[in-house]
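Heads up, the next two complexes both have chain A, just with different partners, chain B and then chain C.
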Partner chain A sequence: MEKFIELTLSGIAIGSVYALVALGFVLVFKATDVLNFAHGEFMMLAVFLSLTLLVSWGLNFIVSGIVIAVLMAVLGLVIFFLVMKPLVGQPLFSVVLVTIGIAIILRAVVLITYGPVERGRINVLPQGRFDIGDISVSYIGMILFGVSAISVLAFLWFFNRTRTGLRLKAVAENLEAASAMGISAVAAFAISWGIGALMAGVAGTLYSNFTPVIDTNLSAIGLRAFPAAVLGGLNSIGGAIVGGLIVGIVEQLAAGYLGGEWRDVVAFGLMFVVIIVRPYGLFGTPELIRV
Partner chain B sequence: MRNRLRGVFLLLAVFALVAASCSSDDADDTTTTAAAATTTTAAATTTTAGGTDTTAATTTTAAEIGIESNPDEGVTDSAIKLGFMGDITGPTAATQLFFERGISCYLDFANSQGGVADREFELFTEDDAFSVEDAVVNFQKLVEDDQVIAILGQGGSHIMSAIDVDVADAGVPFIGPQQTIDIQFANPYVFNVLAHYGDQADVAVARMIEDVGGAENLVVASIGLEVASGLEWGVYVKDTTEKLGATYTEHINVPITGTEADAQVIRIEELIDSDGLNYLALHGSPGAALRVLNSMDAAGVDLPIGGIFATIAENVFIEGPADLIDTFWGVHTYTPSNVSTPGNDELNAFVAGTACEEFASNVNFVGGWVVAKLAVEGVKRAAADGTLGRQVLADAIKRIDDFDTGGQSPALSCTREGSHCGAAARPYEWDGTGLQPVGEFADWSDTLDLIYGLG
Partner chain C sequence: MSGKFITRYREDLKLFRTTPSRVIAVLITALALLAPFALSSSWDPPLEFPWRATFSAVNLALAWAIGAAAFNLLLGYTGQISIAHAAFLILAALVGAIFGQASAGLGWTFWIILPMCAAAGAIVGMGVGLPALRIRGLYLFMATLSVHFFAIFIWRQYQVRAVGFTGVRYFPPEVPSWLFWLPFIDPDENGEFLIRGNFRWYWVMLGVATFCILFMVNVLRTREGRAFIAVRDNDVAASLYGINVARTKLRSFAVSSAMVAVSGCLLAYFLTARSDESWSIEIILDVAIMTVVGGFSTIVGGVLGAFFFFLAPIIFEWLRAAPALDNIGFINTYAAQLDLAIFGFLVIIVLVFKPAGLAGIWADIKRYFRQWPYRY
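Coming up: the complex of A and B.
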């Protein structure tokens, strides 16, 4: 039982990061119908920016987090206006390929800037552990979960309570109707890309204090967020959060009980099962087309 | 107006990409130096205890002067073309880039000594980013388009397995891959320098037994990346451990796509409690080593660790957790450049103040340097016979016996079965500033089981 709880807590910590990344991924998809395969690279870039701001420049964690979030949001906007906006209305395959191209360029930029040598974890946040009975709990895991929860709540508040958020929601729900009501689709798309990248920035800042090694392989987090998003439902914000946590927990339990080689098999296997049973995910809604 | 601006941005981006790729080509694909190409005799010859020449291109014989060009096999009027294929930008770049730099810098050194047979060495580097598909294409390019005389380096047992037949068919000497696996011993054109994983496991387990005060006290588990070589490492550690009367528990996989090793550390804790686990045998890249060490540290698990060669890169000791680094050591065939030996002194003197200097402290840089040194020695010997080509070079390397690298590796004897030129290893420990060898290579040779080409 003790092992089960420790694995679950570890899964919740890593799942919180998956949830944040999946949230950005789902937001962009929901608003623009674009599967952004560069989202993992956005998070990786944020981790490396943390290295510069927290370690090299010695900035405060919160200041650094805000600067990175803003920089990432700007990057999201730049990518939208320079690359994605001209592709609106183009075939899905072309758009997806472009996001893969963006991922390759971001990896190359990081490699050229930071070099190939791996760095260790950033230890700005507390790294110790505390015991609850026989259960050992890490501070950083709890911080990761707490900050992720606050970020998700802030995101939901923005999406449901602010005028801009409601406009985004309207565009995501029904583009034609929203446009007829005078809501700018381009502005909504741009904001979605900005917020999506910002969420990756928040996730990266947090994860830089959790990951044991910082290298370009961190973009693989994007691959973990993908099943999380699909599992929860690609058009469901809440689903992305739950999906992220489920994938994190299932991965850790599989690795802990069956061995590391089962980690991916179980996570992606679960995704297949859910897709077969509920093609629109656990919390997604089927798209109805009237003919 | 906005469309025009976008056009300008796109144009700039295209220019930037083209410029980047051009400069990358200049930097990566070909490395030459400005050494004079007319020298027929060279600088001093260093003789060491082993009695064998340790400098690069030291003496050009009368036969070499009249060497005919053989452009189809890498010998032009002014250059001898060598290739490097490996991971420069992918997941193992932190190891392989340094290896490539070591090769490149040694060829610069050899050129500064006058090259061989009135010619300079030229290096053609091809990046595969650890991808088999890219590596297969790179191999064909080096052999057929660049027409190199030999290929150096190459890391990734999956890649070596994929191109093994092509190497034999092309008859191109393949010198010093960054792993030594069984399939390479059967290929007459592959010359292995690094100790076989089985031999590294022999040395590692022997060191562990020494540490815990006897085989009966050792309880070891292996942990490594979930790739073929990781599983092999587990098997070799198990075999050696059991043969020596110690206890082996199990192999723990670390998925290559993962970013932490928390679940694996929880398993380690279980083994400590249930089996009395007191040592870990670690496989993987520097990144994998950091992943395991930092995950253990975060969980408060303190256990001594002995690693395979690729885990003991400098950055692991600098970036890893202090508590675990104190008891972390690894096995290697090459001697890091911070350890004074005749070969390393020569290396350090040459790289000082050059672009090579920033790479030289990494042990893999020395690996590349040694492999290039062996290749140049082969070229010298082939040239001394009056001709240069792939088969002639392969034959010449096969005759190299007890070649002293100036203490940068064990003496290289390519006359061994399977052209296993290196074949030895010893442990290295971190002293706070650099890796230090634990004894001489000969001190650990008794621990090798002589299965993998030694003897």
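Coming up: the complex of A and C.
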């Protein structure tokens, strides 16, 4: 039982990071109808950036987190204006392929800058564990969950309380009506890309303190945004949060009881089952299309 | 409008409809037959072009051409987005490892394994296609992404149990003794003729690739092929015309997956070793590069893209060795990564400016000559 609770707690910690990744992914998808395959690479890039900022430059964890988040937001804006904006209205799969092109470039840039050798985990955060009764909890897990929770709350506050956030919601809801109300669709798309990449940046900073090794395969962790988002419903913001947590918990339980090699299969297997049984996820709106 | 008009339905169904297309077919055949002799000759091209490295690239391109064209068959003609490509490469490698002449295999000959891979690919492909009956577009894309991870997991389980962490080794196939009368086949002192080295593999690759690509082109000329296109354009309308949409989708998946499995089988035996590191997520990126740059949605595009993908790095390599660039250490240290970056930019540039890719450029050239001296 202790093992179960410990695994669940570490699942919540890692799941909250997935929730952040998924949130950025769903935001871009909801606002601009682009399935961003490069989202995994965004997160990988953020992990490598924390390698520079936290380890090489020795910056404070919070400062480096903010710097990375800002850098990633700028990257998101640059990608939007350079690449995605001319492609608005193109067929779905062309746009997916363009994001794959972006993923290839980011991967090459990371390999050129950091070399192909894998690095160890960053350990600037407190490393130990503390016990509550029989259950031992790691400090890092607590920090992961805490920072993710703050980021999610900030995200929700932005979208429900600020003028810009409400405009973004309007554009995501109905592009034409929003445009008729004088809301600039281009600005909304750009901000969505910026915030989407920013969320991946925060997630990457956190994850760099958790992952055992740092190499380019981390983009597969960023792709956890897919199962998390599908589970919650591809167009549901709340669903992305719940989906991320569920994927994290299920994955940790599987790794704990079955072995580490089951992590990927269980996460993506869950997605497969959800797609077959309930494609619109837990909280998404069903699409009424005859297939 | 100038050029040849098609007046009868039978003419429209012909594989080579015009004289130029027949001439081009003859030229390509001649090139394909002469290329291995030229590539294996000791000729030194001017400016130190890396001539020898080209041969294995051509072989890889021939094997991948099948896979890339199969991807385009499914995406371009049936409109189903499946990126479970690696899963079928793994399936073929697995069939070869379990039954074929490999480190822990049963030792069946390669010539049985190859059709077995195709059959296994077709059956599993229909299984992977099942979600396509319920979902489409993005959801199918993601469902097939999870198939990729399932396949990697199964391969790892097999590899760890059967051969350990070193990976599976594949042994060169033999030509059966009743074929020894053929030209160029002279058995070694053990009385066998092993297919190893680029020259011998080339003929296998060429034969299988030609067969598979003509097969796909021909499928598209049949009723089934036109049903694929009808399902892509409008599945509800297609069902009203009496096309069984579910069966058509599954058939398309079966053909495409069988072809990918064949290319995976060729690759496993040609590269002689496969381990779990051979199947990273980068395979999806590689297939994307090939199909986009070649021109996605056409069979020709897949073939052109595969050749581009394997030959372009050789040209880049050659350019890097040029005196002006040779001194810049950065370019030579990160050669492979720079190639990757160039490909990434190419994918985006092609999609933004010339979505039809190399196949589109080829079509433009043909149109230019057909309509000459008019512009349109």
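Basically, the second predicted complex is superposed on the first by the 277 of 291 C-alpha atoms of A that agree within 3 Å, B and C clash if a C-alpha of one lies under 4 Å from a C-alpha of the other, contacts with A are read in each partner's own complex, and residues count from 1 in each chain.
Everything below uses one rule, namely that a contact is a pair of C-beta atoms (placed from the backbone, for glycine too) under 8 Å apart; a residue touches a chain by one contact, two chains touch by 3 or more.
Predicted model only: the values in this text are computed from it and were never measured.
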**Request:** With the two complexes overlaid on their shared chain, look at chain A and say whether chain B and chain C clash or fit.
**Result:** clash
**Message:** Quick check on the superposed pair: does A:D264 touch chain B, chain C, both, or neither? Answer first, second, both or neither.
**Reply:** both
**Asked** Counting only touches as set out at the top, which of chain B and chain C does A:L111 meet: first, second, both, neither?
**Response** both
**Asked** After lining up the shared chain so the two structures overlap, which partner does A:L87 touch, if you call chain B first and chain C second: first, second, both or neither?
**Response** second
**Prompt:** Is A:I275 touching the first partner chain B, the second partner chain C, both, or neither of them?
**Reply:** second
**Message:** Let me test your reading of the model: by the given contact rule, A:V96 touches which partner, first (chain B), second (chain C), both or neither?
**Reply:** second
**Request:** Could you tell me if A:A220 is touching chain B, chain C, both of them or neither one (first, second, both, neither)?
**Result:** both
**Item:** First (chain B), second (chain C), both or neither touched by A:S138
**Value:** first
**Request:** Scan A:L45 for contacts with chain B and chain C and give back first, second, both or neither.
**Result:** neither
**Message:** Based on the superposition described at the top, state which of 25-33, 79-87, 385-393 or 403-411 belonging to chain B clashes with chain C.
**Reply:** 25-33
**Asked** For chain A, what residues appear in both contact lists, the one with chain B and the one with chain C?
**Response** 86, 108, 111, 217, 220, 223, 261, 264
**Message:** Going by the contact rule set out above, which residues of chain A touch chain C in the complex?
**Reply:** 35, 83, 86-87, 90, 92-94, 96-98, 100-105, 107-109, 111-112, 217, 219-220, 223, 226-227, 230, 234, 261-262, 264-265, 267-269, 271-272, 275-276, 279, 289-291
**Item:** Interface residues, chain B side, partner chain A - complex
**Value:** 6, 9-10, 88-89, 91, 93-94, 97, 226, 252-255, 257-264, 266-267, 270, 286-287, 290-295, 297-300, 313, 315, 319-321
**Asked** Touching chain B in the complex: which residues of chain A?
**Response** 3, 6-7, 10, 14, 82, 86, 108, 111, 116-121, 127, 129, 136, 138, 140, 210-213, 215-218, 220-221, 223, 251-252, 255-256, 259-261, 263-264
**Asked** Which positions of chain C touch chain A when the two form their complex?
**Response** 75, 81, 131, 133-139, 141-143, 145-147, 149-150, 152-153, 156-157, 235-236, 280-282, 284-285, 288-289, 292, 296, 334, 337-338, 340-341, 343-348, 351-352, 355
